[in-house]
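Look at the two complexes coming up: subunit A is in both, with subunit B in one and subunit C in the other.
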Partner chain A sequence: MKLLTHNFLSSHVKGVGPRGFPLRLQASEVRIMPVEFNPDFVARMIPKLSLGEVPTEPIQGYEQNEDFLRTMHHILLEVEVMEGTLQCPESGRVFPITRGIPNMLLSDEQTEA
Partner chain B sequence: MATGGRRPEHGGPPELFYDKTEARKYLRNSRMIDIQTKMAERALELLCLPDDKPCYLLDIGCGTGLSGDYLTDEGHFWVGIDISPAMLDAALDREAQGDLLLGDMGQGIPFKPGSFDGCISISAVQWLCNANKKSDIPAKRLYCFFTSLYSVLVRGARAVLQLYPENSEQKFSPQLELITTQAIKAGFTGGVVVDYPNSAKAKKFYLCLFSGPSTFLPKGLNEVKDEEVARQSTFMNKRVPYRTARSGVVRNSGAMRKSREWVLEKKERRRRQGKEVRPDTQYTGRKRKPYF
Partner chain C sequence: MHIPSCQPHKVEYVSGKVFFTTCSDLNMLKKLKSAERLFLLIKKQFPFNVSSVNKGKICNEMQRLINDDPESWLNTISIWKNLLELDAKKKRLSQRDANLLKRKMGENDTVITKKLKAEQMQKTQENREYQLEKQAEEETLAQGNFLTSREKLQLEECQNEAAEAAGTPSQNDLTFRVSCRCSGAVAKTFSAQEVGRIIGIALMKQFGWKADLRDPDVEIFIHLNDIYSVVGIPVFRAPLASRAYIRTAGLRSTVAWAMASVAEIKAGALVLDPMCGLGTILLEAAKEWPDAHYVGADVSDAQLRGARDNLKAAGLEDKIALLQVSVVELPLPSESVDVIISDIPFGKKFKLGKDIKSILREMERVLHAGGTVVLLLSEAHCRSLTDGEESSIPSNSEGRRTDEPGAEKCLIPEGETGTSETVPPSLEASNQECLPKIPPFGSLMPVECYKVSLGKTDAFIYKYKKSHSSGL
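Moving on to the complex of A and B:
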């Protein structure tokens, strides 16, 4: 699972709603996988990320700063979490990650449906 | 995959149907691979994403990553959800480039609002219509799926879901009705595009859902020889002279070659590629005197 995806993942446990974000990530095994650099894509994704305590106005002209984009590209797209867990901040439910695939299956009681 | 005979959804839940043996078919059977890839191509076309822009897409029921591979080839980044561990294992073996999640679409899509620029699904959504556990109510699962899908899409984004509705040969398919009703309840507009409606084998259903204001629904493909007509139609108010229309000089985007719009579009494309382009002025693309 790439860190970019982790930034968008949210818990869909019943009753949790927007408080199910962000999922707390505990990684026990991580891998670096090279991915072709696409500055357009990285620049477009940056405003959509939730980066915790960060100054609300991003540095002007970040789209042109190639070093910055390459660093973000490496962090978001090349770091793969292979083993670990994701935890819902509201309900405490844990979603395990095996072979890079998070298991998001819920039990019947936890499903909205 | 539904064929003329028994539907796989009647035999049990998808995580059991899509076992290692079934997964292997997606890896080996060239006909299956071909069909799935073609449907992914058509779905991406119906998604109408902006040209040359890499997008973050969702693939529902991604399976072995066949459709995902097509998305990667087109330069997009994607996340796939599937309920079958065997299919996802096969996707790992094929080194699918997108992120994979083990999940049940009927439980909702676990992402924050406005995450994805678009969504495709190939041959998956019809599985929601069959209740496999006593506690399953198909309508509720469909509603949960569609409401969460609506939420995770960027405003104005589309979802194109290719599916095999039961009783599609008949005039009225209750399953298709059920699915579209839940989609509308969730806030989507759109409709069903049917390709090759007269061919039992080639007929394909694409549920095209829009999360923004209503737009024109693309035309379904037909066996008509001049396929340009049956493809996506762009709507222009101008009349194109018959002679020019016949010579194929009108492009897909509606701009006639060498017209001012075409020049402006080309300059914009080159700017996006990062090339140096002269600024647009009142003189851009203006008609020159014949001896210019």
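Moving on to the complex of A and C:
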């Protein structure tokens, strides 16, 4: 799971609502995977991010600041959490991340292929 | 190196086959995404008149397909040969280039590569006739080598090339195999095997070619129905629809690509497939529109494992994230997704745990205002969406769709033998009505509907747009 993906996830536990973001991430195994740098893509994703207490207005001209974009690229796209957990900050419910895939099923359902 | 721009022209669409002319090379043609197979056209003419039940007479007519105009057969075969040679040369060339880089280049080598390049430039100037076959039809197959869904395109030849190529002696030692499809009136009188035999014998007599059912040089494909008689040569051994980058296909790739292409995926979009299965739709979308963030979700361990394998095999792991979640309980904030594309499972293979309305409701929740939902629905899904929900809307729901002025198109590929009682058995594509009509779902406004064939069944690509809360 990339950190970019993590930034889009929020808790769907019943009754939690907006207090379910962000999910607390604990990683026990992390991999750095090189990804081709696409500055345009990174620049477009930045306004979509929810950065918590950070001021929501990015610095003027961030789209042209290559250093900034490269840093964001590395953090958002090149860090892969392979094993770990996601925790709903409100309810405390824990969801495992296994081989890079978070399992956030609320009930025990699973369909056989 | 300047490659001439080879836009297809003289495009003609007839009941599941698209005929076009182009001078593109095999590499470009391989990139066609919404067609099942590609053929080089030999002949296209009016259907055989079988109203007189004189089999012998019709048999003669079939033979005349070859005997009246052997030139066009030989021309097409030579064009086909040239195409393959050119492609093989390019491959050898690129392999040679790779080898040259590894060791020091000798003078001889550079001369050879330059010569080959010059030849290639000539070849790309040609115009060739192609047929692309897309449509699924219920027909009998003689040698049974074909997929049920195809699209045919035709391209026109360059006359100079044709004149030169005619009657070259090297064409006498070709081996061939005839594959035949018959439907409509012709099929009542002739079986596909019979037609295959008639054509096969005529070819042997005319050109001296030998039949080889196991591994022929050339495959001759004949399609006879009530609309046309078409003969062509498959351009590639593997159908276009079989993608090199998809290890295990779920939904057929042509339909997956078509869904992604109507979804309006813009750069920087967050695209979700909440029932991704093996990830076919996401793979097609990420391959064609790489500047978006793709997320696939499924409840099944097995499907996700398959999807992960597919992503790895395609080299698209960086573009597509996977989650194990349920489509009716998505761990996403409201209004956070730009595009949703999904093949809603139906049929015996999958058990749909949740009903389609709860699924749509959750999709509606996570979608941005102005966002797009593209779904592949079965007729059963369409029916359950039409019943009950939004009953205050009259059958003509035009008034509600303020965003898209009267945009219910219905494009094509319709089976010739007509598939269900709700579909008019017309042989031409119907542009006026899209059956079945689906009403808006909450703030999701229907935009377009396309009927597609999945081989044994038909399905509908349905596109919705989420309206802004202010508009009504």
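One rule holds for everything that comes next: the second predicted complex is superposed on the first by the 104 of 113 C-alpha atoms of A that agree within 3 Å, B and C clash if a C-alpha of one lies under 4 Å from a C-alpha of the other, contacts with A are read in each partner's own complex, and residues count from 1 in each chain.
By our rule, a contact is a pair of C-beta atoms (placed from the backbone, for glycine too) under 8 Å apart; a residue touches a chain by one contact, two chains touch by 3 or more.
Source: prediction; values computed, not measured.
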Applying the touch criterion given at the start, work out whether A:62 contacts subunit B, subunit C, both or neither, answering first, second, both or neither.
neither
For A:48, using the defined touch cut-off, is the partner it touches subunit B, subunit C, both, or neither? Pick first, second, both or neither.
both
Which superposed partner A:11 touches (first subunit B, second subunit C, both, neither)
both
State whether A:77 touches subunit B only (first), subunit C only (second), both chains, or neither.
both
Touching A:106 in the superposition: subunit B (first), subunit C (second), both, neither?
both
With the two structures laid over each other on chain A, which partner does A:2 touch: subunit B (first), subunit C (second), both, or neither?
both
Which partner does A:37 contact after superposing on A: first (subunit B), second (subunit C), both, neither?
neither
Mind sorting out which residues of subunit A both subunit B and subunit C touch, each in its own complex?
1-2, 4-5, 8-12, 18, 21, 35, 38, 40-41, 44-45, 48, 77, 99-106, 111-113
Over in the complex, which subunit C residues touch subunit A? Could you list them?
267-268, 270, 277, 291, 293, 295, 299-304, 306, 308, 317-318, 321-326, 329-333, 336, 350-351, 353
For the subunit A and subunit C complex, residues of the former touching the latter
1-2, 4-5, 8-12, 18, 21, 23, 33, 35-36, 38, 40-41, 44-45, 48, 77, 99-107, 109-113
Hey, which residues of subunit B end up touching subunit A in the complex?
53-54, 56, 75, 77, 79, 81, 83, 88, 92, 97, 99-104, 106-112, 114-115, 133, 135, 137, 140-141, 143-144, 148
Under the stated contact criterion, what part of subunit A meets subunit B in this complex?
1-2, 4-5, 8-12, 18, 20-21, 35, 38, 40-41, 44-45, 48, 50, 77, 99-106, 108, 111-113
